[in-house]
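The letters A, B and C name the chains in turn, as written, and every chain counts its residues from 1.
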Amino acid sequence: MSIILRDVVLPLTDFTLEVSLELTANTTALYGPSGAGKTSLLEVIAGLRDARGTVELHGRDVSRLPPRLRRVGYVPQDDALFPHLSVRQNVFYGAQVREDAREHSAIDVLEIRPLLDRSVKKLSGGERKRVALARALLSEPEVLLLDEPLSGVDVALRDRVLEYLVRAREEFPVPAIYVTHQMEEVTAIAEEIVVLERGRVTERRLL
Amino acid sequence: MMCRLLLALLVVLPLHAAEVRVFAAASLTDALTEIARDYENRSSDKVVFNFGASSILARQIEAGAPADLFLSADEEKMNALVARKLIDPRTRVSVLSNKLVIVVPRRGGKSITDPRQLAQPRIRSIALAEPSSVPAGIYAKKYLQSLGIWSAVAKKIVPTDNVRAALAAVVAGNVDAAIVYRTDARISKAVRVVHEVMNGPRISYPFAVVADAEQPRAARRLLAHLRSQSARDTFARYGFDVIQ
Amino acid sequence: MSSNEWAILGLTLRTAALATLLIVPPGLAIAWLLARRRWRGKSLVETLVALPLVMPPVATGLILLQLLGRRGPVGGWLHRTFDFDIVFTWRAVVIAMMVMSFPLFVRAARVAFEEVNPRLEQIARTLGAHEWRVFVTITLPLAARGVLSGLLLAFARAIGEFGATILVAGNIPGRTQTLSLAIYNFVQLGRDADAFRLLVVAVVIAFAAVWITEAFLRRRA
């Protein structure tokens, strides 16, 4: 039971997010129409939004902890790469180990080593996604939150990026929540699907 | 019939009342205010004052500021305006004199028993009216030069726009000492006179009517009053020395 | 320029530079708090910070004189305890400059911070950075343009400061007579030629300050 949400309540614009969940699968897809509150739920888990209720990660109650103590890796929908830093500086921002250590398998699994010295502005959509994921993985999170990782990627390249994601999940199997509204991604990567509509869980099943 | 006559008089009388604009040295503020109040009660004229440093007032008159009377604290400022034909020289008369005093704050002021002590390092700041232009400052600088301590004291001088500002600095306790007129020291209980300058520079207040005054007749009337016995008594009460 | 004029310029630049440097830490702190935090009494702080911008400078100078004079709450304590004077010294010049340019700097820095995407700061936090690291590595570098132009504006304001300075520091040649005060003094003394020479210096400095700022902002854009 890696991710537990108890009576999490967060008022949003049109409705209130009310969720109680105990996630057991390794990768859980959070599926639902846009505006359902999926991103807000991720933000609550990451500690970026204050909500009522309890958030437990790996048995630790993190509800009152600031984001930096929760050991959550968050890859938001818009990547949020730091525009003023190089790819290398982005990727190593949260890394616990020294920059020049050779063993950084996230960099090699996602094949971003040749990108390291580039400016963030010169990356393609797919490259940005990989860099953002590598950055999150290098901070050695205990829980991974991915918000629509394939949004904004060219349709033609989606499969390639999805391949990278699958490989990354194999190498770094920390419990993850994968938000999407595309069913193909759900079946490719998740073991369980949770459907969120207007702030409530309406369906839940194993895949 | 009587009512209509009275009404007519009431309408006509204010038209005769003149507003005399007086540019006067700052040190004359209190004495002149009292004299003017009395004057306004006796005559139908009104007196409007512009008090300040004589140097600044002279500049204003040069620039065309409307003034009827100029009451200066030194002869040089008056001479400069006469030379530029801005003063009616026939009306010029020197009525008053004054003395310089050294003052310190009454509360917490340092003790000074001899004027030469102003040169000592324990006296850190001395307020004077601007010594290169304002009469009070010019007199004070001449005095300090005559004592031979000007060069020692020069870097401690806090120059102010007029003599009353120098007084205010001592009243507030922000400077260790100031050199002002005896008449200035008298109006404040917050300062203590530590020395009165008996053989200092000759101080003289020339009064005159401005050349293109808007109210020359009223100005002359007021000037005559300023030389009257009652006005002289008032000036003397404030500590001025009366010439003539 | 005569040596006297160089001295006036030197005094002005030194005091303005010191004043600008000293307002940076509190200015950044308050700008950040105003940009990123909400709390009861926030609008009071906003108003107080903006006051010197809106009040007549001489009024501000009068307040400073009351506070920092030898009989005032702050100045009195310093005078009694350390025999330390503020009014009529260069320290009063620096303080007057600080008070008058503080609101300008805070305003510019606050806007600059507000324009930084808060999402970037949030991500940095999830990556384990504590608040100070987020500020130094993310917020400040991304706000640098606005903050620096605010700094230049504050410096220019400090150089031009007159009303508050003349009340609380006096117009003492060699000690507190800055460029603006010297121009005023020369005009009062009828030394128009000297006043105009200093006027030219003031214009050149203002010109240079704006030119450099614009060039700098163009480069970073």
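We take it that a residue touches a chain if its C-beta (ideal position, glycine included) is under 8 Å from a C-beta of that chain, and two chains touch if they have at least 3 such contacts.
Keep in mind it's a predicted model, so treat the numbers as computed, not measured.
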item	value
Mutual neighbours - chains that touch chain A and chain C alike	none
Chain occupying the most central position, where position means C-alpha average	C
Chain pair that, of all pairs, has the most C-beta pairs in contact	A-C
Chain separated most widely from chain C, comparing mean CA positions	A
Distance from chain C to chain A - Cα centre to Cα centre, in angstrom	45
Rounded Å distance between chain A and chain B, as computed from the means of their C-alpha atoms	82
Rounded Å distance between chain B and chain C, as computed from the means of their C-alpha atoms	38
In the complex with chain C, residue positions of chain B that touch it	55-56, 59, 124-125, 130, 132-133, 155, 157-161, 169, 172-175
Contacting residues of chain C [partner chain A, same complex]	117, 119-120, 122-130, 137-138, 141-142
In the complex with chain B, residue positions of chain C that touch it	65, 69-71, 85, 87-88, 170-175, 185, 188-190
Chain C contact footprint on chain A (complex, rising order)	46-48, 66-68, 70, 72-74, 76, 78, 80, 82-85, 93-94, 135-136, 139
